[in-house]
Amino acid sequence: MTGALTWALVISALGVVVVRRRSLALALVALQSLLLGVHAISGASGQSTALLVAGAVLLAKAVLLPAGLALVVLRTREARWIASERHPLARLTLALAVALPIAALVPRFGLLHPGTERAAVGLVALGITTAVVRRGTIFQALGFLIAENGLYLAALSAPGGLPAFIELGLVFDLVVIVSVAGVFSAKIHEQLGTGDTSLLGGLRD
Amino acid sequence: MSAAAAVAGVVQLVGGVAVAPLIPGTVQNLKARLQGRPGPSPLQPYRELRRLWRKSGVAPSPRTIVYELAPATVAGSLLIALVLLPIGGRSPGWPVGNDALVLVGLLALGRFAITLAAWDTAGGFGLMGASRELTFAIAVEAVLLLVLVLVALPGGSTDLLALSAQATRPAVWGEPAHWAAALAFGLVVLAETGRQPVDNPDTHLELTMVHEGPLLEYAGRELAYLQWAAAARHWIVLVLATDLFIPHPGPFVAQVAVLAGSLPVWCALLALCETTQAKMRILRVPLFLGAGGAVCILGLASWFAGGGS
Amino acid sequence: MSGAGIVCAAGVAVLAFGALLVLVARSARVWRLALAAQAVGMSAVGAAGAAVLFGAPIAGAPFRSGFAPAFGVDRLSGFFLGVLALIAVPAAMYARDALRDVRHACAVVGLSGVFCLALVGLVVARDVTTFLAFWELMTLLPASVILVVRQDEQARRDVFAYLAITHLGGIGVWASMLVLSAHGALGGVPLHSGGLRALVAVAAIIGFGTKAGAMPLHSWLPRAHPLAPANVSALMSGVMIKLALYGLIRVLFTWAAPVPLWVGLTLLALGALSAVGGVLYALFQHELKRLLAFHSIENVGIIVLGLGASLVFASLGRWQWSAIAFAAALLHTLNHAVFKALLFLGAGSFSGAVGALELDRLGGLLRRMPWTGGAFAIGAMAIAGLPPLNGFASEWMTLQSLLHVAVYGPFGVSLAGAIATAALAATAALAVFCFVKVIGLVLLGAPRRREAASARETPVGMRGPLVFLAGLCVLLGVVPGLLVPTLARLGPGTVALSRGASVSLPGTGGLPALGLALALVLVVGGLWRAARSRRAAPSPAWACGQLVEPALAWTSAGFTKPLRLFLEAVLRPSRELTVRVEHGVLQEVAYDAEVPHLFDTLIYEPVTHAALHGAAVVRRLQSGSLRTYLLYLLGLLALLLVLVRLGVLS
């Protein structure tokens, strides 16, 4: 795991905290997942196929999830900037104030390089901080994805690799999606009396 | 079973059943003499019992089996309590044992039965007497148990045979704890026999009755049982007083003689107490009895202050 | 696994089947079948427990200190399983007919089954996780049953009081169990420092004492017990509070042993306070079930007196009397379970026949419901401690133990023992007072209400368990000596007691129970026949020539008035007299009197207000915003990392 990669991941996470445009933040997160996926596949060549599969999963995640979120962003154009957002510098300071102590205090938990450990924990902290300091709803999801990437980083750097971890993470994502979809279906059913989505066309006025 | 134990058994039964009514009769006679009247003969209770035995009873209309069973239960429990008391330090081995706390339990059974009968006929005076009797019983039982603690201290046993035997040693009379127990037991005697200042046995005003209240609804043989039961209570507490607190050294015959001699002395003391004291207000009686409890606690402290053995 | 273990496991399986059967269907046949299955399962469990108690080899695992779940039955657990079965089986059979008129009967049946499972689980738990898990379950299930059956405001407030008080006290349970487990004491390693032992003892007394209902932590008991349906009340009063004492016995006698002398003296003080206070407040209640709940407090006090005496004897080195006092406490546990269950089931029958159980508005039920009334009367005589029933046997043994504490101890201990003896004697007299009043008002006299006059006897299915329990009261009173030597072996010390019908203890005159019972029956029967041979003349009640009018019937408050007046300073009764006069003519007089529960006004209510106020302050932390919660999460993470760095957590 090269230092450059870890730094790229960390800086892209910081970027998500700072940037204004949602599409830009989305692109940064997609970049993170892409970097992780490419690294997994390149590290796995010649080793177990599980790692290969994990890499493929990461790449898919780098493409599919941001694509879906991008669609959402396109559909929900905001007329103005969200007024309640803090100044970007304030956001950056807050994020650094939270993530740096946590990353510094964490004891060694068994990864190959101490720098990687700190980066992974820092990514998780930055992800949660993103969800805290940014007001837009998309950023809550992006923060969650960044934290997940941090965990994947730790999994990939564990001695021997932990490919199963990545697949479990995907399963968890799917569970979240399915449950949210379930809640929506229930709400729609409650509202309309049926789940027939063809009737949803009538919502448009 | 030795001859002495057999004689003791006979005295327990005959004395309790036949001689017991003589005690309240004697007390009435002595009281009258102290008041300057000739008074009824000491044998008057026997005449009462005979008269009642020949009369028919009464069946009040709202009643259940409790009304019929209560006098038999009172008399039965006291009859069994009679054979718990050793006479002259001996007792034939009746199957009911010789424990002091069993005696207390049997007295409680009798009290329960008669107060329950007051509820059965639901007459107001009976219930009033029942509630007062039960209120006094709280203090009486507490003080009686404290007295038993004090008398059990030297020997460590509540067996009445052992307690009676330890009173044969005059050494026990050097202990202030023993005197304290005797004083408190005197208060218990007054309460159990229903004598003044706790209760007035001669009263004809139903509002002032305590023991006699529930008896108002009975007639005939059942009333005879209840009157005999009152006499038996006298016998039991006075024989217990002799067993525990009168020094009676010597062989069995001497001890029986001491018992026979002490009973008239107790009767005289009771008569004196009744004549010199007025009836106390009902709400002060538990305090009066509680003073006996405090005396017992002082006796306990003095037992330990004196070294205790 | 030994035979007893297999039978016990099979019983638990059948019990679980009975509890879960109600999920299948909701018809009456299904839940009646479920109750029968629960009864069968509990019988098997009780039989296994009794077998282990009387000498079968110990089943399952011994206690262990780790966090691995384990189950086992040893002799003490076997005794408590037997007690549980003796109560649960009649309660289940009673409920088969009693729950017909209750809404949500199948929910009640299912929850009672799970409650029985939790009780069994607590007794057979062998490590701290299972113990605490079943402890919490045991607390929550009666609350759920009550809330299923009653949804009014009063019930919700009382259930809140129950849960709040038992959980606050339950901190003591958690603290003592976790400390014991952390130091390995559960596995048999004795605690090394006296301070730790004192801490564990105090925490255990507070925690288990609250659940057992010892004063002054008892406020929840008279609120919660009357609300549940009769079979669950019987289980709660008969068994649940005893299992709290089971936990106390385990902590003080096995795991934290030997405890210092002051622990035994504290138990004596608590026991005396609970006994006298419980029965005193019971005397002034107007409602039958609340009165019975206060009597449970009294009897828990008597059991705690026995346990305290046992600990005091153990500290003094008198092992023989320590075992005897322990046996007295266990015998009273069994006896109280039996007659309290009998009384609660009887009260349930009365309530089903008559409606509300106001004591002043019943009457005459012995004629109209002879079986139920007779069994109830026997239960009342037993709880009043009258010979020859079982209450007298265990109270006699406890009195003897306390008296011998006074005889054998040094001055301070002797004084405590003497006061405790006097307190127990006063309690016994107060209990007689109370139950004369109860039997008189409920069973005797004329009916004071239309429903009481038209009450009908309950069906056989409800009478049978009551008669069984009454017979058990008589049996345990007549042959207590068969059980006492076995019970004496469960405690500290050893004593060689002969096994016979009578209890013969050293230093006493013995309790020849069988001889006493036979003598009483024969003599009383003979005297009764002799009196009846003269025919009695039927007549109205004499009452000194007055008419016996229903309006002049005595009430519960009137009967207890002398005591209330004597203890006015302690009880602070309140009364309100309203007289309405119009145009010079008296129209109406209203009289309202009450003996307030001082513990409620002085202790419980201020503490509740403070707790609710504190909760309102803390509620401001709940903002509902996702970001605030994430901030809490980050803060906690940082704090944990700092603690790790400082070396506090490793």
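A, B and C label the chains in the order they appear, each numbered from 1.
Definition applied: a contact is a pair of C-beta atoms (placed from the backbone, for glycine too) under 8 Å apart; a residue touches a chain by one contact, two chains touch by 3 or more.
As the structure is a prediction and not an experimental result, all values here were calculated from the model.
Relative to chain C, the most remote chain by averaged C-alpha coordinates is A. With centres taken as mean CA coordinates, the chain nearest to the overall protein centre is C. Centroids of chain B and chain C (each the mean of its C-alpha atoms) stand 35 Å apart. One simple way to say how far apart two chains are is to compare their mean CA positions; for chain A and chain C this gives 58 Å. The centroid of the Cα atoms in chain A and the matching centroid in chain B are 92 Å apart. Residues of chain B that touch chain C in their complex: 55-64, 66, 68-69, 71-73, 75-77, 79-80, 94-102, 104-106, 108-109, 111-112, 115-116, 118-127, 130-132, 134-135, 137-146, 148-149, 152-153, 156-161, 206, 216-217, 220-222, 225, 282-283, 286, 293, 296-297, 300-301, 304.
Listed in rising order, the residues of chain C touching chain A in the complex are 626-627, 630-631, 633-634, 637-638, 641-642, 644-645. Against chain C, in their complex, chain A makes its touches with residues 98, 101-102, 105-107, 125, 128-129, 131-133, 140. Across the interface of their complex, chain B is touched by residues 366-367, 381, 384-387, 392, 396, 399-400, 403-404, 406-408, 410-411, 414-415, 417-419, 421-426, 428-430, 432-433, 436-437, 439-441, 443-446, 502, 507-512, 514-516, 518-520, 523-525, 527-528, 530-532, 534-544, 546, 548, 552-554, 558-563, 565-566 of chain C.
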